[in-house]
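I'd like to ask some things about the structure below.
A, B and C are the chain letters, set down in written order, and residue numbers restart from 1 in every chain.
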Amino acid sequence: MDKIRIEEMIRSLGRLNTKNMYNNDFFLTWEKTLDELKGTFAVADTLRAMRERNISTRIFDSGLGISLFRDQSTRTRFSYASACNMLGLEEQVLDESKSQVAHGETIRETANMISFMADVIGIRDDMYIGKGHTYMKEVADSVEAGYRDGVLEQRPTLVNLQCDIDHPTQSMSDALHLINHFGGIENLKGKKIAMSWAYSPSYGKPLSVPQGIVGLMTRFGAEVHLAHPKGYEIMPEVEEVAGINAERSGGKFVKSNSMAEAFRDADIVYPKSWAPFAAMEKRTNLYADGDDAGIAALEKDLLAQNAKHMDWETTEELMATTKNGKALYMHCLPADITDVSCKQGEVAASVFERYRVPMYKEASYKPYIIAAMIFLAKVRNPSEKLMELLVKEAKRAL
Amino acid sequence: MDKIRIEEMIRSLGRLNTKNMYNNDFFLTWEKTLDELKGTFAVADTLRAMRERNISTRIFDSGLGISLFRDQSTRTRFSYASACNMLGLEEQVLDESKSQVAHGETIRETANMISFMADVIGIRDDMYIGKGHTYMKEVADSVEAGYRDGVLEQRPTLVNLQCDIDHPTQSMSDALHLINHFGGIENLKGKKIAMSWAYSPSYGKPLSVPQGIVGLMTRFGAEVHLAHPKGYEIMPEVEEVAGINAERSGGKFVKSNSMAEAFRDADIVYPKSWAPFAAMEKRTNLYADGDDAGIAALEKDLLAQNAKHMDWETTEELMATTKNGKALYMHCLPADITDVSCKQGEVAASVFERYRVPMYKEASYKPYIIAAMIFLAKVRNPSEKLMELLVKEAKRAL
Amino acid sequence: MDKIRIEEMIRSLGRLNTKNMYNNDFFLTWEKTLDELKGTFAVADTLRAMRERNISTRIFDSGLGISLFRDQSTRTRFSYASACNMLGLEEQVLDESKSQVAHGETIRETANMISFMADVIGIRDDMYIGKGHTYMKEVADSVEAGYRDGVLEQRPTLVNLQCDIDHPTQSMSDALHLINHFGGIENLKGKKIAMSWAYSPSYGKPLSVPQGIVGLMTRFGAEVHLAHPKGYEIMPEVEEVAGINAERSGGKFVKSNSMAEAFRDADIVYPKSWAPFAAMEKRTNLYADGDDAGIAALEKDLLAQNAKHMDWETTEELMATTKNGKALYMHCLPADITDVSCKQGEVAASVFERYRVPMYKEASYKPYIIAAMIFLAKVRNPSEKLMELLVKEAKRAL
C-alpha cells in the first residue's frame, strides 16, 4: 500500500468518533459503536500497512503487556505478543501455577500486583459459562480502582482474548479479512454468512466463536444464518443481541437446524464445532462441585450426542451449493480435517486445502486487530499519532 | 511531583556517597551504609516521579535481566520484570527444570553461561536455612571471575530477591512507604514499629521478612519491637545486627513474647506469620537427608505448634491499642485473612480492608526499589545521569 | 579492540561474498561457502568488539525471535535470547505443551501462526535420527510459502540450534574460539584436531557435536582425527562430507578406534561422549512404535556398552602425549567430570579445571555467532550496515 492510501485511511479514521475507547477496555464487540469498530479496523489496516513498509509503529519506549491464558493457545498467544511488541511493550506472562495466586489471593490483589508497569492486560478465560467475562470485568474494575487510588501509575487496558461470551479479537480479525476480501465494509451488506455447527470427534469446544461471529457480523447489514443441530443452542442473550443488530443494520439474523439451508447460496461459510450451551452450563456446575464422575458421564454423553451429527461435515458437495459454488470458507483454526487430523471431522481435506492461504490471511489480521485495540485505548488522538509515525518514518528494521 | 522537586531530589542524591554501590551487588541491607540506603530511596523516588510524568527512564538500549525463582512469586517476579523493563532490559527467566542445571552443572558454570549479555541477575532462594545467601554469593563470585577472565563482557549485578537471611527489596519498599507516609526519613526517629508474629494455618513461611524488617528499620532511629511466641525465634545473628543498629542510630530494639505489648502505642504494626528458625534449620537438614517421613512429622508438629497461638491475630481490639488507635498496618502480602482466605488467620477482615490501599501502595514501591538497586550498580554518576534523563525528557509513552 | 581494528574487520567482510545468506537459513555448515563461514566469523567478531566498546548493535526497533526447544538447554537458550536481544528482537518461546500444537496442527500451520512478526525462528530438535533436520526444513519451507502468499509480512530466518545432523552454532563458536586462540583462520592449516569419543555414565548424548566438528574443522586445512570405540560410528553421510572437505581444503580426515592415537601430538583435543548412530536410529524407531520395553532394554544395553570403554577418559597422562603436552582442550559443556559430576566420566578434574576459563570463552562466542547468522540473513549490505553502526556509535548502556 502506498503512502497516499495510508494517509487516506488515517484521515478517514479521523472522521470517526472513537473518543470513548480512550482509557477503556475491549470486552464485547456489541458494547462498541459502529464508529468504534470501524476505527479498530482502520487502525489495524494502517498499522499493517506501515509495518509492511518498514515504518516503526512503536508508541512505547518501555512498558509491559501482561497475558493470562487459562486455556491453551498458539495463535492468540503469539498474536498478542506480536501486538505488544510492535507497539513497544514487552510481554509478561502470568503463569498462575508459578505465582502465589494459588495461595488464595483475591482477584483485586493479583490484578494490582501485576500491573505496576502494565499498559495492557490480555486474558483468555473461556472454559466456564458465566465465569470468564465476569472475571475480566473484576480485573478491569480492580486496576481502575488501583489507578484511582494512586497505586498504579497508569491504567492498564483490558483486552478480552476470549471469554465465555465473546471472542472479539477473533471475530474482528475475521471481519477485517472479509472487509479486505470483499473490498470494503459496505460490501458486506446483503451478503449471506453461514455460521454453522460442524461435527468434531472432540468435545467441549467453546461457544465464543459462533457467538462472536453472529454478534458482530449482524452489525454490517449481512444476512447471518446460524445453523446447528437441535440441542446445540448458543447463549440466548447473544441470539437476542444478533437479532437487534440485524434489525438496526438492515441485515438479517436467521436460525435453522439445517447445514444445507445455511450453505445454500451463501457468500461466506464458517462451519465449526462447538459444545451446547446448556451442557457447558452443566459442566461449569459439575466443576464447581468437584463432581468428577458427573464430568466423565457428561463428556461421554456429549461425544455420543456429537456422533449423531457426523453428517454435519463441510464436503465438496455442500460447498457446491453455495453462491456460484465459491463461497469464502472460514475457520478460526485449528480445524478438525477429515482424514488429516481425525477420521472424520468438520471439513473435507480438499475443501480445507483449497482455502488454506485465505485462512492463514484471516488469522494474520489478529496481531494488528489486537494492536489496534491497545492503540485506541492508549492514544488520545489516534489519527494524529498515526500521521506523526507515518511522517517520521522511523525504520522498523534498520 | 513537579520538575523542581525532582531536581531537588536528584541534587540531594548527589550529596550522598554511593560510590561503593557501582559495579556491586545487593545482598543484605546491613552491609550498606546509611548513605547507600538513602541513595537507593532517592533513586527509587526519582524514577517513580519521572515515570509518572511520562519521562523515559531507559538507560539501556538492549541487555538482559536474568531471574531465577526457587520459590513461588507474583509481586516480586512482576516487580523485577517491571524494574528491568523500565531501565531497558529484557527479562529472561532461568527455569532450572528446563535447563541442563539438572544435569549436574556447577554453580560457577551455570552462572557464566547465562550471563553473556546479563546486566543483572535477580535470585529468590529463601527456603533453606544457610543455603540461599550462600548460593547468591557463589553466583556473584562466579560472574565476577568470569568478568575478570574476559569471559563476560560486563559484570552482572546480583540483586537478592529474597534469601534465607534478608528480603531487601521488600524491606526497602516497606521503608520507602514509611518515609513517604511520614514525610521523611528523619520522621521515623522515635516511631514505634511492631514487627509481630501472627497466627497462620499454613506452615513454613520464610523468616526473611521479619529479619529484613528488624535489620533495616533499626537503622533510622525507630523503636523496633519484635514480638513472637516462645519458640518462634529468628536468626540470632540478625537479632545481633538489629541491636547494634539500634544503638548506633539512637533507636531501640526490643524483644518480647507479647503481641499486645508490641502493639501498645505503636505507630506502625507489621504482623505476619513465620516459621521458627530452629524448625527451619531442622527441615533443611531433613531435606538434605531426603527424610520424607521426618519432614511430614515436622510439618504436623509445626502446625500443631502454630495452633497453640491462634490468639496472635490482628483484631480491631488490638489495633485500638495502638497510637491513637491509628497505627499504620503493613503486610508484605498475600495475607491470611480471617474469614476471607482462611477460617482464622493473621488479620481480621475489617482491619485488612481498611488498610488495603496503603498496603497496595507499599507494594507498589518494589519495582522502583529494584530499579534503583540496578541503577546504582550500573551507573557511575547516578545523579548526573538522572539529571540528564530529566532534561532530555524523552517520552515513555509517545 | 580499537576502532581501527574494527574498521579493518568490517572492510575484510566487505570483500567476502555473503550475498546468498541474505533472506536465507542456516541449517548445516557444509551447505555454506568458505566465504560465508568467514563472513559469519567476521560479523560475530565485529558485533562482539562493538558491544565491548558499548556501541549499540540494534538493527531492529521491534520484532520477535521465536524459539522452540525440543530438548533441554541452558547455554544455547541463553545464547539465542542474547543474540536476539542485542539485535533488538524480543524472544518468544513456543512451548509446545501450552500451545494447540498438541491438538494436531500441521507443521505448516503452526509455523505460519507463530511467525506474523517473527524475524527469526531458532529450533533445537536433536533427539531423533532423521527427524530434526527434516522438521526444520519443513518449518522453513512453510514460512517461505507464507511469505510468498502474503500471509507473513517478512520471511523469518531459520537458525538450526542443533539438529540430528549438525550443531552449527556450537561448531562455529568452537571454530571462532580456535581462530582467535591461534591468531587467524589460516593458522588452523595443518593443526591436528582430535575429535574423540569419551566415556560417560549417561546415555543417548546427541551425535550432532562430533558430526558438526568433523564437518566444519575439515574446511580449514586441519588434520581432523575422529576416534571412537567400534560401534560408536557417526552418520556415514557426515563422514563423507568430512572426507571431501579435507581433500578440498588440503587437510586430512582420519578415523581410528584409538583415543591415544588421536591425542598423540594433537594441537587441539575435543573429547566427549555420544551415542552410537545405529543405536539412535533404532531408538527413533522404538519411540515411533511407542515400544517402552524396547526403549528400556536399549538404554540398558547402551549403558553396558558404554561401560566397556571406561578407559576412554581424558587423563593427565593422555594430555601429556599431545603437542608439547599443551593441546587446547575443548568441550561444548556441560562435561561429565570424574569425581565432580560423576564417579568416572569424560575428563579428569585437574584437566577440566586447567582449561575452565578457555572453555568458558569458547562458549562465550555462541551469542555472537547466532547474532551473526541472523544479521547476515536480515541485512542486505552487512559491511555497510556495520560501518554505519560503528560511525553512529549509539551507546548500548547510556
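Before moving on, here are some points about what is shown:
Just so we're on the same page, contacts are C-beta pairs under 8 Å (C-beta built on N, C-alpha and C of every residue); 3 or more make two chains touch, one makes a residue touch a chain.
As the structure is a computational prediction, the values presented were derived from the model and not from experiment.
Overlaying chain A onto chain C using CA atoms gives a rotation of 120 degrees, to the nearest 5.
Under half of the residue numbers at the interface between copies chain B and chain C are found on both sides, making the touching surfaces mostly different. With each centre defined as the average position of its C-alpha atoms, the distance from chain B to chain C rounds to 41 Å. Multi-chain contact residues of chain C (touching two or more other chains): 58, 90. Contact residues of chain C toward chain B in the complex are 48, 51-52, 56-58, 69, 72-75, 77-79, 81-82, 85-86, 88, 90-91, 333-334, 336, 340-342, 357, 360-361, 363-364, 366-367, 394-398.
Note for the complex: chain B touches chain C at residues 58-64, 66, 90, 92, 94, 98-106, 109-110, 112-114, 116-117, 119, 146, 149-154, 378, 385.
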